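Quick heads-up: structures coming right below.
Both complexes shown next keep subunit A, but they swap its partner, so subunit B is in the first and subunit C is in the second.
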Partner chain A sequence: MPVLELLIAGILLGGLYALMACGLNLVFGVMRVINFAHGDLIAVGALTTVSIVAGYNLPFAVAIVVVPLLAAAIGLAMQVLVIRRIADGPMIMSLLATFALSTIIVNVSILIWGGGYRGLPGVLGGSFRFLGQDIALSRMVSFLVAMAATLGVWWFLQNTRFGRAIRSVSQAPELATINGISIDAVRNVTFALGAAMAGLAGVLLAPTFASDPQLGARFGIKCFAVIIVGGMGSYPGAMLAALLLGVIEVFSGYVMGQVIGSAILFLIMLTVLLVRPRGLLGLGVRA
Partner chain B sequence: MKGYRTLLASAAALAAMALSPAWAADPIKVGVALSQSGNLADSAEHYKKAVELWRDQVNGRGGLLGRQVEIVLYDDRSDPATAARLYERLITNDNVDLLVSPWGSASTATASAVAEKHKRVLINGGGASEKIHQRGFKYVFQTAAAISAYVEGVGPMMEKFGLKSLAFVSRDYSAARDMAVVIEKIAKDKKLEIVNSEYFPAGTSDFSSSIAKARQSNPDLWISVGYPNEAIEMIRQFRSSNYLPKMFIHNGASIDDFLEAAGKDGEYVIGMSLYEPILKTKGNAEFVKAFKDKFGYEPGYYSGFGYAAVSVLEEAVKKTGSLDQDKLRDTLRGLETDTVMGHHKVDPETGVQQGVKGLLVQIRNGKREIVYPDDLKTVEAVIPMPGWSER
Partner chain C sequence: MKATLVMGTACILAAVLPFVGSEYVLSFTVQLYVFVALAYSWNLIGGYAGYTHFGQVAFFGVGAYTGALMMDAGFHWLVAAAAAGLSGALLALPLGGAMLRVKGPFFAIGMFGMARVCESFALGFDNITQGGTGIYLLPVSDLKPLYFTLAAIALGLVLLTWRLDNSRLGLQLLAIREDETAADALGVRTTRLKIGAFVVSAIAPGAVGSLYATYLSFIDPMTAFAPMTELTTIAMVLLGGMGTVFGPLIGVLAMSVVNELLWSRFPEIYLAIVGVVILFVVLWMPRGIVSFLAHRQWSWVPVARGSLRRLASRPRIAARPKEAH
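Coming up: the complex of A and B.
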């Protein structure tokens, strides 16, 4: 068994999962809203990237800047128009609302880009040698960005004034209000930031995967597995869970085939929900 | 007042025509139910357009048996049960003269059972599954290429280029399971080694573990059946992990999306195909031109299937000289003709298609070129594919 090759492939795949799950985790951690449309924002990010790079022939760097901003704008619109009005209601309301938004985003995307598959040839396509292995350039970049984004968000929440404001809103909204923190402003920024991270994930998915309006359905479920196993709302937990799930998926796919390999991912998710619902390092769904 | 009277008179005349028994100038009604909504609607649309093009052409030629042709069309909503109900209605309610199958094997399976029950001839233009024809039906004739045609070029091509081993890595769905059986048989006949045979579930986007396996077992051929996105993802991941088999075949590579999405990385990939606009089959150049003039794009294989179905139907009716279903059936059992898809010939017992050959196409300079079979090829295949560092 080529252990090193599988290990590296698993860690890099885990990096992608971490990147995709990061924004979802942020929004849940702060707002207790499960954003079902997160995967669809990733799809919009990937498709916009293809349009910018392959359609308008602009450099990939432009997409890295523009797409997260665009996604943030969409996220802010979702928050201001819909989520804000129901975020304090029962969780099922925001869950259903984001589910509806998900369907709308998918169908608008089909209207814009059509139902077919697109790709981004010629961007970060190659590989480099490291430890005697061929490492995918695109995966390495998205892994590094995922690490940076996760650490960045974590640092931001722990060490900045606004970060502390965000945490106080998520932990004690009444006290935050008394201290003059605008809950609405904090939530708007959080949701926009979460959406921007979905956009960024989309940008970095585009070089490796085929992009289509339904891409969110293929990856969204794995994002949920990551934040459930990691502990919803915990950033180091999600990172750890993403890497772990990536490695487990690749190894079990190699040993038992991909059908069983991907089932194992969800078996782990189920087991965590039953045995340790607060996840590896998490605040937990009961918090 | 005068206008009103004319209107009344023509209405009466119309009513009289509708009530009168069939007479020579009545149009021949061709019934078809196909997906205009549901998951097959996109592809069925192209099938439908080919049928409509044929109707206009045949009417322009003076019709069939001297009568105009009219299409009676319903939407089966991509649902096999609805398809069965609609064919019942076409036969018993609309009294159509001729029947063409829905698009897709599932709906064709139920529609053909209804046609058989009423002893009505059904042209199976859209159902590739051989199982449709393994139920002892006597009135169902396949013009669509059978499932085995998709992969029939694999054995000869491997032999020609001296390839000995293969890995089969496919999405887990019924078409792939059918094709796996054919591939196993090819491997046995040609003494090829299958080093890996695995399925992955729908939604899989990462092929790291299969690539790691292939690096170990080193198959000459990596063959896959699935969706176009998987073809795109496989070739991109081959590139980004610096892996390449000598030959890579995926049915998704013959879809236009693949050309753009895979870009230069897609060069030399081989796709399974059944119809290409560049095919030098009888009447194909004229069909492609007429289709493009009418609809503004080149016909793909969905349209090729539709056009072949009605071409065979027209030929059979002309040869029979009547619409009598039993006589038509007898004609169809032995009918051999050439369509845009190639040679049409069915097994007289089962009605399964035997004449239409599957094609293999290779992406060359951003276009699909036919590399199999030899008598239809447009270029010689380049195998093994040049490695990533040699491009």
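Coming up: the complex of A and C.
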């Protein structure tokens, strides 16, 4: 078994999962809303990237800047038009609403881009040698940008005034209100930020994976597995779990074949739910 | 009384339909029964117990495959359907045990993933399931027994819900939906009831999946685990009214028309519309159509605690004479 090769591949994949899952987890932490449309924002990001780079012949760097902004705008619209109205209601309502949004986004995407797979051949092509292994340039760039963004948001949450406001709304909304923090403003910004992270993840997976409007469900499940294993609402937990699950997915795909490998994250998620529902670093779900 | 009369007429109509109706009417009704069974099953766990269920299609698909494989091995389709129902329950038991023990959104996430995992297994284990090619079955020569079996399952579920709605058990499920901690404190065995409701709600989808495979005499992963089945069912229950006796029926009738008009020709537009319907109901009509049709608020309990409070602050209309439903 080529341990080193698989390990590197797993960590590179895990970095991308970290970016996807942290956005989802951030939104859950602040709003207690599970965004089922998160995966579909990733899909929209990937497909828009393909359109920008292959359709309009613009450089990949343009997509890295433009697509997260677009995703943030979509996310903000979702939050302002729909989720804000029901975020404080029973959880079943917000789950159904984001599920409905997911359906709408998927099918509108199919109407726009068609149902087929689209790739970005030649973008960030080539490879280089690292630790005696051939590593695809696109995967390495994806990993680095994803980790930079994830850690950047982490720094923002820890060290800036607004970041502290986000964390306080996440941990004690009542106390945050008493201290003059506008919960609405924090929620809007958080949702837009989470959506932008999904959009960026979409940009970064476009050169490596084939994109289609349905990829949201596939990656969405992985995001869910990551935040459950890491602990819902825990940002460092999600980063840790993402790298761990990326490695596990690559190894199990190699050992047990593609079929089991594709479902392994889900099975791990079920096990964690049975054994330790709060996850590795989780705070538990507030009732 | 009126409701009984309507129900009776509908039953008689359903009984004579296969003898007088055209092929098209028959296929439409079979579809209708499938969705009635799915919607009422969803209503048990989603409407009464209040747990959002995004993976019912997993049981439908697993049932379809269990049934198809049994029929392939030479069993009668009725035996296959029974086995498929059992397979749904057997799958639901450990899943419910894992995901319903903890509160919150785990169940929604878990079942959402389960459906996709089942689909990837059906595609991947192609030495058993023939993968994407699908399993072709011998067509059933006479569709009438199949029709009546589906009708019986649909009717049985409606009657079961009717019975449940006025029972202690139904109230306990509603108590779980409204406030699980309080229900627990009052001695409702929440975990056992939730898992029980979930397992019961998995039997009919399994059986119906197998019957649907018999009806089509073909099954493949795309048909068995179609997101369209899932979404349509949820939209039907929501539109009609979650946690009500007749809401899902009304939802099924309303959505079936939309389905018939759009699904085969414009599937994307249809699914987007289903999404819009769900969104609309969640935002502006969380109690569904039934609350508009009949102001009989004693026959169902509001969906949200907020609306319960609003209801309590309103002058009661319930003083009007109580009709039988």
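FYI, the second predicted complex is superposed on the first by the 283 of 287 C-alpha atoms of A that agree within 3 Å, B and C clash if a C-alpha of one lies under 4 Å from a C-alpha of the other, contacts with A are read in each partner's own complex, and residues count from 1 in each chain.
Going forward, a residue touches a chain if its C-beta (ideal position, glycine included) is under 8 Å from a C-beta of that chain, and two chains touch if they have at least 3 such contacts.
Source: prediction; values computed, not measured.
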| item | value |
| --- | --- |
| First (subunit B), second (subunit C), both or neither touched by A:Gly126 | first |
| Partner chain(s) touched by A:Gly89 [first = subunit B, second = subunit C, both, neither] | second |
| Partner chain(s) touched by A:Ile228 [first = subunit B, second = subunit C, both, neither] | second |
| Partner chain(s) touched by A:Gln258 [first = subunit B, second = subunit C, both, neither] | both |
| Partner chain(s) touched by A:Asn107 [first = subunit B, second = subunit C, both, neither] | second |
| Which of subunit B and subunit C A:Leu274 touches, first, second, both or neither | second |
| Subunit B versus subunit C as contact partner of A:Ala217, first or second or both or neither | both |
| Touched partner set for A:Phe266, first subunit B, second subunit C, both or neither | second |
| Residues of subunit A at both interfaces, subunit B in one complex, subunit C in the other | 217-218, 221, 258-259, 262-263 |
| Touching residues on subunit B, where the partner in the complex is subunit A | 42, 172, 198-201, 203-206, 208-213, 215-216, 228-230, 232-233, 236-237, 239-243, 256-258, 260-266, 388 |
| Residue ranges of subunit A in contact with subunit B within the complex | 2, 5-6, 9-10, 13, 54, 115-122, 124-127, 134, 136-139, 207-210, 212, 217-219, 221, 249-251, 253-254, 257-259, 261-263 |
| Subunit A-touching residues of subunit C, taken from the complex the two chains share | 46, 50-52, 54, 95, 97-99, 101-106, 108-110, 112-114, 116-117, 120-121, 123-125, 181, 227, 231, 234, 238, 268-269, 271-272, 274-279, 282-283, 286, 303-306 |
| In the complex with subunit C, residue positions of subunit A that touch it | 34, 36, 82, 85-86, 89-93, 95-97, 99-104, 106-108, 110-111, 217-218, 220-221, 224-225, 228, 258-259, 262-263, 266-267, 269-270, 273-274, 277, 285, 287 |
